[in-house]
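Multiple structures follow.
Heads up, the next two complexes both have chain A, just with different partners, chain B and then chain C.
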Partner chain A sequence: MSVSELKERHVAAIETVNSLREQLKQKRRLLLDTDIAGYAREQGRNPVSFGPTDLVCCRILQGHTGKVYSLDWTPEKNKIVSASQDGRLIVWNALTSQKTHAIKLPCAWVMTCAFSPAGQSVACGGLDSVCSIFNLNSPTDKDGNLTVSRMLSGHKGYVSSCQYVPDEDTHLITSSGDKTCVLWDITTGLRTSVFGGEFQSGHTADVLSVSISRSNSRMFVSGSCDSTARLWDTRVASRAVRTFHGHEGDVNTVKFFPDGNRFGTGSDDGTCRLFDVRTGHQLQVFYQQHGDDEIPHVTSIAFSISGRLLFVGYSNGDCYVWDTLLAEVVLNLGSMHNSHEARISCLGLSADGSALCTGSWDTNLKIWAFGGHRKII
Partner chain B sequence: MLKRLLNNLEVRQIMKAEKLSEANQLPPEYVYVNGEPLCHEELDVLKACSNPPKKMKPGNYWYDKVSGLWGKEGQKPSQIISPHLNVGGPIKANASSGNTEVFINGREITKVELRMLQLAGVQCAGNPHFWVNEDGSYQEEGQKNTKGYIWGKAGMKLVCAFLSLPVPSKPSNSCGEQVNSLISRSVPDYLEQRTLLKLLLVGSSGSGTIGEPWMIRQRFFINLSLFTEDERENIKLTIQSNVYGYLGILLEGRDRFEEESLAAVTKEQSTDETEHIGSKSNTNCQTIYSIGPRLKAFSDWLLKTMVSGNLEAIFPAATREYAPLVEELLKDEAIRATYKRRNELEMLPSVSSYFLERAVDILRTDYEPSDLDILYAEGVTSSNGLACLDFSYPQSASDDKYDTEDQHDTLLRYQLISVHARGLGENCKWLEMFEDVGMVIFCVSMNDYDQFTVDGNGLSTNKMLLSRKFFESIVTHPTFEQMDFLLILNKFDLFEEKIERAPLTQCEWFDDFHPVVSRHRSNSSSNSINTSPSLGQLGAHYMAVKFKRLYSSLTGRSLYTSVVKGLEPDSVDAALKYAREILKWDEEKPNFSLTEYSMYSTEASSYSP
Partner chain C sequence: MAEKGVESETASLVDEQVSGGGASASAGADTRGKHRILAELKRVEQEMKFLESLTCCNVSEWTKSHSQSSGIYQVGMEELEELENTDNVSVVCEELLRGVENLPDPLISLTYGPANPLWDRWFERPKKSQGCMCRIL
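Take a look at the complex of A and B:
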């Protein structure tokens, strides 16, 4: 077969794929007669009542001297690890605001950090293309620095996000600018599986974020600069289980819904979307018009413990609390008097759902708790 | 009050800021030493010596150069600082307002000091004049023998403490500690970050080998011997496999030339009807490009291995077994003839000649790459996509020494962050992390204009056009909206040479390059301003203008450019100095607008833009 013939067949195949995609889109539109908010209103549901006194800033964690890029809670014991542009990871005790560890990183350009399920180690990654693991219990060297206990190298691009597999201290998943996600075995330092990449169908641009389902730790979802989110099964690395289209800009963040059947995404187009894992439908769009100003990008999201509330951090310093059922903003943490002054880069909910921590480019972290008699939802 | 509002760390930071800020610095004119006001240098010397006077406030002091004694005018000594500093005037006899008639280094000492001397066992009868050195040894003036040590006697420290007199202490400021560490600083200098200017260095992304700004990065990193044993081993293998690669290209070229010349010969023969050709077997026709059967077998094998991409697989065994064959090959007439025509081999990079000349040495197993080899080698990068280098100005040619005297010149330090764009993904999302750099330095390799590479889609594209695309994407990135850009046109020397052979118009972006070339062109650089510029210089200027126009059409601002010769350290320093000056201009907010401004490291200036 000659080269030109092959080329022709390639072009024809692409056309077929595109037309099939169009058909799929049409079919979905037919099936999707309404979104969650519409249905909820029909049912007569009311937005949850949430006022400024329901979520108060109870702690301000100061100590970083550079922008905070990422944070993570422990599954228990209420510790937070945060990563900042000054090249340090700081482990905080969330209740007392004390710093228990300050880890100096070999590469100052860190983009992500994560706590292990047991709370004994932290992982971080960034522009140096490696994911470094630090054991918090290991002795410090003569300068008082913790040494890296394991370096996971193999990515050909920056490490944008990492997360430990729930209840497994020895496995973690990283996402990278080389368009792949990788499942690592920490004890050997080797890659167990590579999702995407050169010879497999995966993302076609930098992967920015990853989230593992709590109910089924074999499923995880990744969001990428190619405006899609992909669902993967760790047992099948060759191709994604499903691809979710809909966003019009880079998908900066993905997070599984607490029950594991849905997940939320946030993107540069200013919207958050809720997708259903089993059907593949886009269930809801969370977007608020901002007039003629520049549309703020969504930098990070988190669901409350029941899923009724969706916390969204934006690049203009706002932090909206959405009622997921009715797709309405019930509170803007960014407008409260002790809010962050710069872009909110990361946020996370504690394991028991009682507190939300936000990290920002103004170098501080703030912990917000449900105040008074407010029930945690 | 501050302590109540903020936590300790912030208070410390603020206080440190206050202490170090310019406005709160001690003005030297208010400090009088030995009756004379200090000038700036003297104050700096005082501050930077190994034992600086603590708590310097405006006032009158006296200073004993020989012993290092220091005190307030009219009082006994309060400290012992470094001796032999050239500050202030000569010490006066009544500096301490002493009335004991005993002199130390020309100064009448006070009663307390006299008491101390007596306790130390120094004979003070008869109004002696003593000469005391910094180590405490004393002699009578006019006499050579050292009588003893003032502070040598046990318990002297206690006595001195009791009498509130100073004793010599260990130096508090050892110069060694002020040297910055190379890759990362040991403590995040909270304050210094504010006065640290970051420069981001990005290069035109090619296919990963020669696309990076290898020149500037490697120039710094090689000097500082960054590579570990393992990395040196890897570099050696890289260089060797590169040489095999060049050899392969050469052999391919030889094949081609042989075919061409055979075709020409057979054409001649066929037009000449009187010749009986018989079989057209090529073995009868020998051209200068033909090689013997054994070498041909090796050549075919090497080419096959290269094409199948298994070149790395045959290492390092290949070096041992095939080295003699390679040696023979290189000496062969055919290869030499091909080598002469190497300019026609477009796949062969110009740097290959440096290595091929020494191929036999390089391919030996005990070959150790020299610094220059590493510098020229392609495909040699630092292990990750990003590298950082801190330096402070001024920098001499031996730039791995840090002048400690510059510490108080300004607090300005520079951090050069070099990014290997290819390694960080095509998308420029990672650029968001660099929104606080002072300036972005974009490197373009000038002699890429006729070189092609395979881009991400598998298409062969012109390297210069790829550079331009990358340049556009960086310049228009929202993170860099107000950022200053410095364009460095790199490898001017190689470019100057190449442009004589291959016209600039080979790159479609430069297709309107019509240089006005005068008839009397002198080749090498001469200092006469009447010399018209070389073709290379015209080309460089043209390229710079093209980039500037592109930049201003995209951003509406003006682009700074600089031309850098291949491996001359001075050239690189000049470019960095330019970068520094640009940053200084920004601070001082020039009143004039810079439109088409550019600086050259060559001297031709007689052509109009």
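Take a look at the complex of A and C:
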């Protein structure tokens, strides 16, 4: 086949694919008869309301000397691990505010951290392209530092996000600037599966975030600089189960909805979106003008334990609390007394959903809980 | 999948040009030596690079992209077929509403029970005050 014939075939193939994409868009548009907010209003639902002293900051965790980039709670107890620009991981008892471990990292450029399900290990990754595991029960070296118990090497770009597979201390998933996600066997240090990359279809730009479903730990979603989120089945690494379009900028953060059948995303385009895993539908867009000319980026999201509240951190320091069902902002933690003094870079709920932890570029972490009057139906 | 597709398409493209250049090859067996074949392969690769510089396009990228397009097309057709049997958003919303509203949520003032007394531990005095660094605000 000549070069010109190859070029013609290529152009024709691209046109066919684009035409098919258009058909898919139109077909899907016909099924979008409403969104969640429209449906909920029709059903007569009212937004959640907060009194001025309902959600309060009840702890400030001070100790980092640089921006906080990432945090993660233990599944069972009150412990949090945080990662900072100061090149350290700190493990906190969130209830007492005490630090139980301060781990000086071999590579200071850390971007992400995670707690193992049993709470005995922590993982972190960053610009060194490696995911490092620390066993919290190991003896320290002569300088009082915990040494790395396992290094997961193989990524060809920075490690942007990591999460342990729920209920499995021996497996975790990372996302990377090399456009792939990897499922690791921590026991051997080897890659079990690589999702995307040079030889398989997947993200076409840096992957920034992963979230594993709690109800089906074989499913995870990833968010990328290619403006898409992708759903993966860990048994099938060759291609994503589904690709979710809609965002108009980097997808910085993804998080599964508590029921495991939906997931949320947050993007540089300033919006959060809720997608349905089974149908592929975009169920809701969460966007509100912040009053500035420049649209702030979404840095982090987390759902309350029922899914009714969506906490969203933005690059301008706001932290909106959205009523997920009505798509209305019901509170801004960024404008409250004792709010952070810089952008909130990470968010996470405690395992029982009773507390929200926010981490910020102001070097602090804060714990927020409901201190108002609770009425049980 | 895509990798194999790229290899097979690129290989077949090279094979055609190699066999076209191998004048001494018989219709049946290829009697050229290994070094002769490698030299011809190198010549074809150089020709490809030269053509790419002329056309300002990347032939190998076309080949890879074409193969990926085929994969994307197949996935797209599967998705189009799947959409024929997919529920509207309103059906999904109904399921979502029922699920969310029936679950207890400690961060909401009006919520389904049962309530858990541990939800309020953040506002209780710590058991051991010695060495505690709590700052309840």
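As a working rule, the second predicted complex is superposed on the first by the 369 of 377 C-alpha atoms of A that agree within 3 Å, B and C clash if a C-alpha of one lies under 4 Å from a C-alpha of the other, contacts with A are read in each partner's own complex, and residues count from 1 in each chain.
Criterion: contacts are C-beta pairs under 8 Å (C-beta built on N, C-alpha and C of every residue); 3 or more make two chains touch, one makes a residue touch a chain.
Just so we're clear, the structure is a prediction, and the values are computed from it rather than from any experiment.
Colleague: With both complexes overlaid on chain A, does A:G280 touch chain B (first), chain C (second), both or neither?
Modeller: second
Colleague: Looking at A:G260, would you say it contacts chain B, chain C, both, or neither? Reply first, second, both or neither.
Modeller: neither
Colleague: Quick check for you: in the superposed arrangement, does A:R88 touch first (chain B), second (chain C), both or neither?
Modeller: It touches chain B, and chain C stays clear.
Colleague: Mind telling me which of the two, chain B or chain C, contacts the most residues of chain A?
Modeller: C
Colleague: Examine A:P47 and indicate which partner it touches, taking first as chain B and second as chain C; both and neither are also allowed.
Modeller: A:P47 contacts neither chain B nor chain C.
Colleague: Classify the contacts of A:V130 with the two partner chains as first (chain B alone), second (chain C alone), both, or neither.
Modeller: first
Colleague: Once the structures are superposed on A, label A:G249 by its partner contacts, choosing first (chain B), second (chain C), both or neither.
Modeller: neither
Colleague: On the A-aligned overlay, A:I14 touches which partner chain: chain B = first, chain C = second, or both, or neither?
Modeller: A:I14 sits against chain C, while chain B stays out of touch.
Colleague: Mind sorting out which residues of chain A both chain B and chain C touch, each in its own complex?
Modeller: Comparing the two interfaces on chain A, one with chain B and one with chain C, no residues are shared.
Colleague: Show me the residue ranges of chain B that touch chain A in the complex, using the header's touch definition.
Modeller: Interface residues on chain B, with respect to chain A: 6-7, 9-10, 184, 186, 188, 190, 193, 384-386, 388, 419, 423-427, 429-430, 433.
Colleague: Using the touch rule from the top, collect the residues of chain C that touch chain A in their complex.
Modeller: Contacts found on chain C: 1-3, 13, 16, 51, 55, 57, 59, 62-63, 65-66, 68-73, 75-77, 79-80, 83, 86-90, 92-97, 99-101, 103-116, 118-123, 126, 131-137.
Colleague: Taking the complex as given, what residues does chain A use to touch chain B?
Modeller: Residue positions touching the partner: 62-63, 65-66, 69, 85-88, 104, 106-109, 111, 127-130, 143, 156-158, 160, 176-179, 205-206, 208, 225, 250.
Colleague: Going by the contact rule at the top, pick out the chain A residues touching chain C in the complex.
Modeller: The touching residues are 1, 3, 6-7, 9-10, 13-14, 16-17, 20-21, 23-24, 27-28, 31-36, 39-40, 43, 45, 48-51, 54-60, 95-98, 198-201, 238-239, 242, 258-259, 261-262, 276, 278-281, 283, 304-309, 324-325, 338, 352-356, 367, 369-377.
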